[in-house]
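Okay, got some structures for you below.
Two complexes are shown next, each including chain A; its partner changes from chain B in the first to chain C in the second.
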Partner chain A sequence: MAVGKPVKRIDAIAKVTGRAEYTQDLLKPGTLVARYYRSTIAHGRVKTIDVKKALNLKGVEAIFTFDDVPENKFATAGHPFSVDPEHKDVEDRLLLTRDIRFMGDEIAIVVAKDNIIADQALKMIKVSYQEYEPLISPLKILDKKARQIHEGSSNIVGEHEFAFGKNVDEEFKKADHVIKGKFETAMVQHCHIENHISYAYMDDIDRIIIVSSTQIPHIVRRIVGQALSIQLSRVRVIKPFIGGGFGNKQDVILEPMVAFLTLKLDGKPVQINLSREECMLGTRNRHPFFVKVKTGVMNDGTMTAREMDVISITGAYASHGHAIASAGGSKQSSLYPRMATRFHARTLYANIPVAGAMRAYGSPQIIYALECATEDAARKIGIDSVEFRLKNIARQGDMNLLSGKEILSCGMAECLIKGKEFMDWDNKKKEYEKYKKGPVRRGLGVACLSYASGTYPVCVEIAGTRIALNQDGTVHVQVGATEIGQGSDTIVAQMVAETLSLPYEDVRVVQAQDTDVSPFDTGAYASRQAYVVSNAVLRAANELKTKILNHACLMTGKGKKALDIKKGNIIDVNTDNVVMDMKTLSMDSFYHKERGCQLTAEVSFKTTANAPVFGCTFVDITVDIPLFKIKINEIINVHDAGVIINPVQAGGQVHGGVFMGIGAALSEEVLIDPDSGYVYNNNLLDYKFPTFMDIPQIHHDFVETFEPTSGYGNKSLGEPPVITPPPAIRNAVLDATGVCINSLPMSPRNLFVLFQKNGLIGSIRS
Partner chain B sequence: MFDLKKHVKARSIDEAIALLIENPGARLIAGGTDILIKLRHGKQGFSELVDIHDLPQLRFIKLDENNDILIGSGAVFNDIIESGIIQTHIPMLKDAAQSVGGPQIRNVATIGGNICNGVTSADSASSLFALDAVLEIRGRKTKRNIPVSDFYFGPGRVDLKKGEILTNIRISQKNYKGSSGFYYKYAMRNAMDIATIGCAVSLKTKNHVLEDYRIAFGVAGPVPMRCKITEETMRNKKVSRKLLQDISQAVEKDVNPRTSWRATKEFRMNIIKELCVRATKEALKRAGEEI
Partner chain C sequence: MTIKGFRQITFSINSKERTLVIDMRQSLLEVLREELGLKSVKEGCGVGECGACSVLVDDVLVDSCIYLAIWADGRKIRTVEGEARNGKLSMVQQAYVDEGAVQCGFCTPGFIMATTSFKEKCHGKKVSHDEIRKAHAGNLCRCTGYQNILKAVEKSIES
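Moving on, here comes the complex of A and B:
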């Protein structure tokens, strides 16, 4: 039995020995280097561009500008194709642009023998601009007279509204208290270790091969086809090992360009390998949100009404656009399903770098505001923060009124109880009463989350699995589910081993994906993979098992019910005796001259459910007021992710998520000049991504429920852990100091301003 | 791929000096942790390098016959952290070394490079200022000694002439014997970060009175600096909580922090006024004083 076991990652040794091959390891000899010429203004239009001198530089192969690229605009978001035209992604991007929409926009591209020559050539390109005022703050962007960053858009990418439950206005009227709050989140960056890299070449007169660090090989294939107006089947996308993505590679960023370049250059191999600085400026980031929340609450602690108004900033191009605010907003109905709720959101263009998908897709922003507002409501009533949440959170059997589906598995309350016990909450609460004065104070905080296990019914949830029995009795598995470092290949192997009753070591998952041969799946995002692939794997493994047993019957003459598989052997169910091993069976199926065939199974399956998951963060902090610093003394995340397939990997996901959550809470922020749109800190020195020295020991725990809509009872876990650390820490700061820090990050520079405003500075010094 | 035009390895101090004179466009590279960043950014003037990395003549930490501490310019921060001499006599410099970058950086970055790079945030600088360190600089036929406080002309500009090399740093016995010190680095991260403010305090007490008090800051001005007015005012004062408050008041007049996009002047000033208290407290603790 492999499910539930802490088996070793299938790729652990390949990675630690350095043998795992990433995109850069696979470059063909003589691959040309392409480098973008990026705008030095945030908003404007290129008047003139002169590339003559650069073209004459020895070693420069070609230079293309906005004049040379196809005119059809395309969407870059890594979503499945939508058959409903209403639901299509916004098509607002060209390969290169004359209209400048952020500082760093791509105007031209140099192809050269190496990066040194390419960089020299870039310096020789002369550009003159017509400049417009950069539109950065929502106020300016929404001004009636503001220039339209994309013609015809009114600077609004999307807008929607929904309500569920009782009449919201009535409930506010009836509420004992109505509490209002305004919250802001910062633009943050994924900081995956491997920057964006892609290369392309042609191996035939009309076939383009793209090797790319992507979360979504099959979607890349479609979008490259669209961007270049060529047939999808002429494009082949190969995904080797990936050094992390966190959503930034759920977007088609470099692939259409490298495909375009190889097409133009007679099929020569061309790579784009972004530097860290470019990656942080010119790929994607997390949408900054401005959120207004109103909460209606009764004296007994029941929250009865909620209204939320959201402005999300997508930056220069739509990318995932309004889907972020929309997905984020939808999680309320599974966290607090019994409140009357109204939600309104708009997504705006702005002359700043482009936002896209990032771990937890809108929820870090929405749940932050929601859990701060919930804390404020609890404090208004004077009920303990945990008790208050226990009164209001979802329970198994609640209806999710937005999706119209019953919540079939829900461990939210158990998560809160486990976390509270771990933290020794009640005792510490009392003890920390002593630390509410003076320069150094202590506090406790909590926050809850709900998240989904995929994107259905907004998008299709399709997964494919192919399993083949090898001659030696082991199996090879191919899935479309994309391993990007999160460990999905390992749990696929565990699932197959479980259902086929094979030793885990006998299951090999084909790591590299190739759209020519890999089964179809839309890729790694939405924490969907383990959940969605489980349904395809279960069915394929069951199918292969039946075929294996059928062949065993052919060989032995026994009836179907008499045989089973156990630990990789065919056994007699009555005696438990081994009838034959898998190799014997397999060799017979391959090489017996009359009976059998290669035993394989292939299933493509659409999941038409979407299980909600739950979790929470508990945190214990010290606030050093004179130094404007927050220190985490203890932190734990507890999650209900259904059945835990691999406790070690699951723990790893939680730790990584908490790490990122702490970064977003305390230090991470892309700093942009509000007048010019200049990005100050697109590097890892000035972008304060935490180091291991900044992160305390992280604790985690699980509440295991069984989710009936999933193949193995599992639900999602990849993204949720990142969501709750920021609101939990904010609530702990409030507990410690009495100050509401309603914007992220709670960095020293921001705490300085807010502590000053609240009179905490100067008077208090150690 | 870096745009490196020339790289020559020197096998001795003399050869390094000769190579510098032979290649007027060249610069010294020790650990390379400042140089290579500039080279990567395509900055002019860093593409020809004379390599003194790991030169044994420059890599030492020792006591001389006068019990002065001599630190070779090629000593890396890990050498300083692990040195018994430093641990025993100037733990403050160990604090500073330990606060630099991360383990990989501390394995290659040299104290000489830290000083010669000329930036105000260099973590070893404030301690060397507080200790009145003297730099030995050698040229083709010259050798001169200058106090570290005279070495800095301005941001990134130090008193090194063509063909000159910093060979060692001297901390004379009178400057460390009987003193206790502490270096407090304030940065946005606990590792891999440059100081927002660095504060080094070195002091001597006798009968609970400050016999000697020295306080130096990094990033409180364009170059590292001592707070002379504060130091003079505090000498011979009794150790007390009031003293700490007085120090916090006094430093304000000595320092000159700037607003940059990284932090405002007000922010830095608040940190300065707090760090001097905390660093002094820790130094007093090391001196066995209680407040």
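Moving on, here comes the complex of A and C:
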């Protein structure tokens, strides 16, 4: 039995020995280097471009500008194709652009024999601009006279509204109190340690091979085909090991360009390997949100009405665009399902770097606002923060009124109770009463979350699994689900071992995805993989098990019901005796001259459910007011992710999420000049993501439920842990100081302004 | 024959002596990856911020991306390729596997070299969490929140 066991991850040894091969490790000898010429202004149009001198530099292979690329615009978001035109992603990208929409926009590309030559050539390119006023604040962007960043778009990428439950306006009228709040979140960056890298070459007159650090190989193949108007059978995408993605590689960023370049250069291998500075400027980020929340609450602590109005900034190009605000907004219906709720959101273009998918896809912004507002409501009524939430959160059997589906498994309350016990909440609450004055104060905070296990019914949820029995009784497994470091290959191996009753060590999951051979799956995003792939794995493993037992019947003459597999052997179910080992069976199936065949199973399966998951953060902090510093004394995340397939890996996902959440809460923001659109900190020195020194011990726990719509009872876990640390920390700062910090990050700069405004420190005279 | 801009260097790499003629502008990272095929040495930033390219130079932890290859002349270089011997992982590598300290793995070789140098400096002495944190503060990881890495370091110091 492998499910539920802390087995060692399948690729750990390859990684600790440095033998795991990433995209850059696989480059062909002589691969050319391509580097973008990026705009130095945020908004404008190229008047003239002169590349003559650069082209004459020895070692330069070619230079292409916006004049040389195909004119068909394409969407880059890593979504499954939508057959419904209403749900199609916004197609607003060209390979290179004459119209400048953010500082760093891609105007031209140099191909050279190495980086040094490419950089020298870039310096020789002369560009003159027609400059326009950068549009950065929502006020300016929405001004009726504002220039259209994309012609014909009115600067609004998407807008929608929904309501569920009773009449929202009437519930507000009936409420004992109505509490209002305004919240802002910063643009933050994924900062995977491996930057974006892709290379392409041709292995036939018309066949393009792309090797890329991507979360979505099959989607890359489709979008490259669309961008270059070529048949999908002419494109092959290979994904080797990848050094982190967090959503930034759920976008098609470099692949169409490397494919274009190799096509133009007669199949020569060409790579784009972004520098850290380019990666932080020119790929994707998390959308900054501006959220207004109104909450109606009764004196007994029941929240009855909620209204949210959201502005989301997608930056220069749509990428995932309005899907972020839309997905973020939809998750609240499974957290507080019994409130009358209305949600309205708009997504705007702006002359800042592009926002796309990032871990938890809109929920960190929405749940931050929601859980700050919930805290404010609890405090207004004077009910303990945990008690207040227990009164209002989802319970098993509640209807999710937005999806119209019953919540079949829900451990939200148990998560809160476990977290509260761990934190010794009631005692600490009393003890900390004495730390509410003076320069150093202490406080406790809590925040809840719900999230989904995929994208259905907005998108298709399809997964493929192929399992083949090897001659020696071990199995090879291929999945389209993409291992990006989160450990999905290990989980798949555990599931296969479980159903086939094989030792975990006998299951080999093919690591690299290759669109020529891997089963179809849309890739790693939405925390979908373990959930969606489980349904395909279970079916494929059961199919192979049936074939194995059928062959055992052929060999032994016994009936089907008389045999089973146990610990890698065929056993007689009546006596529990070993009939034969798997190798004997497999050798016979391969090499007996008359009976049998290679035993394989392949299943492609669509999951038509989407299980909600739940969780919470509890945090104990010290606020040093004169230092504007928040110190985390203790933090725990508790999650209901259904059955935990691998407790060590699951713990690792929670640690990583909480860490990223702490970064977003306290220090991380892409600093953009509000007038010029200049990005100040696109490097790992000035962009402050936490180092080993900045992160406290992170505790975690699980409430295990069984989700009936999943192959092994499991639900999503990859993204949710990142969601609640920021609101929990904000609520703890409120508990400690009485000050609402309603914008992220709660950096010393932000705290200084708000502590001064609230009289916690004297005004500083200039 | 000497070529302008090139120099011959001799150094020990994972206990084997090698002599190379290199472009004087090349970083140690470039020479290790491109001339010697030691692909465990990863580039995450190229300017000494992330530590993914950490190697040991005379047993001192160094960001090989900002260390000129010519400085390695006459020195002893260690990368993660030299740590597993005869099919057996080093104690540090084994601890990273056992404690679940590996996720995407891109920072892992650099971290393992940081831990290896730290372990050798500790000589079996007991160390505090703060000392572990400080000794690894130059290596960034975006996946693990450093939690299981801390456990792995503790375990490898004890072993």
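Operating definition for what follows: the second predicted complex is superposed on the first by the 762 of 766 C-alpha atoms of A that agree within 3 Å, B and C clash if a C-alpha of one lies under 4 Å from a C-alpha of the other, contacts with A are read in each partner's own complex, and residues count from 1 in each chain.
Just so it is clear, contacts are C-beta pairs under 8 Å (C-beta built on N, C-alpha and C of every residue); 3 or more make two chains touch, one makes a residue touch a chain.
Keep in mind the model is a prediction, meaning the values are calculated, not measured.
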- Using the touch definition from the top, say if A:685 reaches chain B (first), chain C (second), both or neither. both
- Message: In the overlaid three-chain picture, which partner chain does A:752 touch, first (chain B) or second (chain C), both, or neither?
- Response: first
- Message: After the superposition on A, what does A:119 contact: first (chain B), second (chain C), both or neither?
- Response: first
- Task: In the overlay, answer first, second, both or neither for which of chain B and chain C A:192 touches.
- Result: second
- Message: On the A-aligned overlay, A:671 touches which partner chain: chain B = first, chain C = second, or both, or neither?
- Response: first
- First (chain B), second (chain C), both or neither touched by A:627: first
- Touching partner for A:4 - first (chain B), second (chain C), both, neither: neither
- Message: I'd like to know which partner A:761 touches here: chain B for first, chain C for second, both or neither.
- Response: first
- Between chain B and chain C, the one with more contact residues on chain A is chain C
- Task: Give one of first, second, both or neither to describe whether A:697 is in contact with chain B, with chain C, with both, or with none.
- Result: second
- Of the residues on chain A, which ones does chain B touch that chain C also touches? 116, 684-685, 691-693
- Query: In the complex formed with chain C, which residues of chain A make contact?
  - Reply: 6, 8-9, 11-22, 24-25, 116, 190-195, 241-244, 246, 275-276, 484-487, 648-649, 651-652, 655-660, 683-685, 689, 691-693, 695, 697-698
- Query: In their complex, what parts of chain A are in touch with chain B?
  - Reply: 114-116, 119, 626-628, 667, 671, 673, 680, 684-686, 688, 690-694, 747-749, 752, 761, 765-766
- Spell out the residues on chain B that touch chain A in their complex, using ranges where they run on. 1-3, 42, 102, 186, 188-194, 196, 245, 248, 261-264, 266-267, 270-271, 273-274, 277-278
- Item | Touching residues on chain C, where the partner in the complex is chain A | 25, 38-47, 49-50, 52, 79-81, 83-84, 89, 93, 96-98, 100, 102-109, 112, 129, 132-134, 136-137, 139-150
